[in-house]
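One structure is given below, encoded as structure tokens.
Chain IDs A, B and C follow the sequence of writing; residue 1 opens each chain.
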Amino acid sequence: MAVVALTTDFGTTDPFVGIMKGVILARAPGTTLVDVSHGIPPQAVAIGALVLAQAVPWFPPHTIHVAVVDPGVGGARRPVCVETKDALLVGPDNGLLSLAAPPERVRRVVHLTDERFLLSPRSGTFHGRDVFAPVAAALAAGTPATRLGPEVHDLARLALPVAERDGDVVRGQVLYADHFGNLTTNVRADTLGDFPRSGVSTTLRQARIRGIASSYDAVAPGELVAVVNSWGFVEIAVRDGSARDAVGARVGEPVRIEGR
Amino acid sequence: MAVVALTTDFGTTDPFVGIMKGVILARAPGTTLVDVSHGIPPQAVAIGALVLAQAVPWFPPHTIHVAVVDPGVGGARRPVCVETKDALLVGPDNGLLSLAAPPERVRRVVHLTDERFLLSPRSGTFHGRDVFAPVAAALAAGTPATRLGPEVHDLARLALPVAERDGDVVRGQVLYADHFGNLTTNVRADTLGDFPRSGVSTTLRQARIRGIASSYDAVAPGELVAVVNSWGFVEIAVRDGSARDAVGARVGEPVRIEGR
Amino acid sequence: MAVVALTTDFGTTDPFVGIMKGVILARAPGTTLVDVSHGIPPQAVAIGALVLAQAVPWFPPHTIHVAVVDPGVGGARRPVCVETKDALLVGPDNGLLSLAAPPERVRRVVHLTDERFLLSPRSGTFHGRDVFAPVAAALAAGTPATRLGPEVHDLARLALPVAERDGDVVRGQVLYADHFGNLTTNVRADTLGDFPRSGVSTTLRQARIRGIASSYDAVAPGELVAVVNSWGFVEIAVRDGSARDAVGARVGEPVRIEGR
């Protein structure tokens, strides 16, 4: 039984996501549908790409991920299906799929041009319904990606900002702020290398945090703490509170970690 | 395998929707459950009716739609099931189901009175749980609508406001504002008839938009654009932004489209 | 086919809930997944416990409920599975599961220590993904709870505040405020005993409400009304409005009901 997972900036107030699911179930009955998120900020392709990349590895092999954060809908950007070693990614070719599809894991990229697998007529404003949902249904029903259109050999790619280590200092930035107000930085645990975890010092705006803890309860409620989080990145949090509110920091702001 | 789709004003913070799904799965194991929206504004029957009407045509034939926006719960309004040519609609008879059930598509309306298909005892405040969910489960399990109570021959009906054309001028209004701040008007594409698409002029408050585009990218980011949207209506949008915020307009405000 | 229901404070913006579902479907394909709520306020264990307790009785027997409101994640609190007469509850042993597991209904409590059923390596910040989801999957796939770790004989318990009756006066408090602004008190209908329903007087801050109605439409739109709600508690509501906004009351504030 096929699994189709959805990641969009559609919100859940309007019927858009439900309509996509209706189209999928009408064409591929019995499909298991899962929501990854419909709370990507409107048109925030980079955040959508990050969320999708974090989610994909945890799903069953061959899960079909439909992702729609698509400010160029109806325009020149291509609709594509990216087949990787473990998933099928369907969406606009605007970078949204790229973080979940590192080049070494891509098997092929297909330009979704075969009209037989799309709805007709097609709106110029809702390709989630008219293009991506019916293509996901075709894949769920067993159609090979290669039948959906011609193979192409390029894919629009986003790059995460890379944290840089210079001697005893790592310079990174805030990558993502979650619902709890935890701030994920772009500093991977392995970038810290031989830094003694208890000795490092993390600075974000006016906040300075001593050490990297293994869980939030290393500090008292209301205090700042740095941890390596479930995505493998250094995260700045407030125990039982919001680091975003406490520090006032936003995505993109510089973070500095000193090794001693 | 039956599909039950849910449209309510219950939000997703409280356990109300989960409880309805629990009741359905307890009585009709294996049912596929889909959320259309639980973000209908509280007691906004007309918005719920519009959302439901937009969603129903995209679902598999014979999908069971449970809709609950029910300010009169526990009072005199009837609980009903409307069987149409392509769906079963279950909810309060307060107009909520009517836009999805135009008269020419209605096969029958059943008043849900048979106690065997309802929970007992029944609260006076949550018929989603006590009436509509168990009825949906009965339908999902194969019970014909005709067994759920007596057939009745009236249905509370809402009417969408109709846009009127007078020579070269169409007068309509804002019908719906979505999550992106796009403003759907009640002007259908076919009402524009022979107006040259590039020549029309759309006025909403202080905003005046030239032409009707086929997608948002006809204008630069941040600019107003009028399109025919995926529902077939003229929509006023801001590319990569919110027309609701830019124009300050709300549902019900007048829109004027001139043919030259 | 197993049913797994989820109750968390994760929100639906981030991919956390989707990742948990991916883990479950990867290990127990075909599982039916249902959301109870992901809108528990962050770290609000008592509200999560109440929501879970309200939801459990309406689900099919042997539903697996995964609940994660877990401020102590990665710390000393135990991960547990509570097997009751009608459900399997999986989550942190911080009181969250306790209101859904009254002592007389508990069959056993298992400390989730068997590494074979957990992900490895395990983060210190996301046991929803690394502990509770894979355990739910194991249960969904038919693993008996007794194989997941050693049985223990204590469970962290929360107590709901109890309303007290003293002659003709019941003193309680606001227990829960829902999405509509309806205020559920901790006064159960049976605590009112022989009070004549039309004669009681309910006081909350400056508001005084005469009688207990059987549904909201006993009063005019915009007026305050007291009802016995679907959870069996006295609720203070505003018809077609929000009692929370009208009265300005919050969870924990005292409510007084007089019998004459």
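Just so it is clear, a residue touches a chain if its C-beta (ideal position, glycine included) is under 8 Å from a C-beta of that chain, and two chains touch if they have at least 3 such contacts.
From a predicted model like this one, the values you see are computed outputs, not experimental measurements.
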Problem set entry | Classification of the chain A:chain B interface as same or different, half of numbers criterion | different
Seminar exercise, completed: Note to self: chain A rotates onto chain C (CA fit) by an angle, in degrees and to the nearest 5, of 120
Seminar exercise, completed: In whole angstrom, the CA-centroid distance of chain A from chain B equals 31
For this session: At least two other chains touched by the same residue of chain B: list those residues.
Result: 12
For this session: Going by the contact rule at the top, pick out the chain C residues touching chain B in the complex.
Result: 1, 3, 5, 7, 12, 32, 34-40, 51-52, 54-55, 58-61, 63, 178-180, 213-217, 221, 227-230, 235, 239-240, 242
Exercise. Which residues, counting only chain B, touch chain C once they are in their complex?
Worked result: 10-19, 21-23, 25-26, 29-30, 33, 42-43, 71-76, 123-126, 129-130
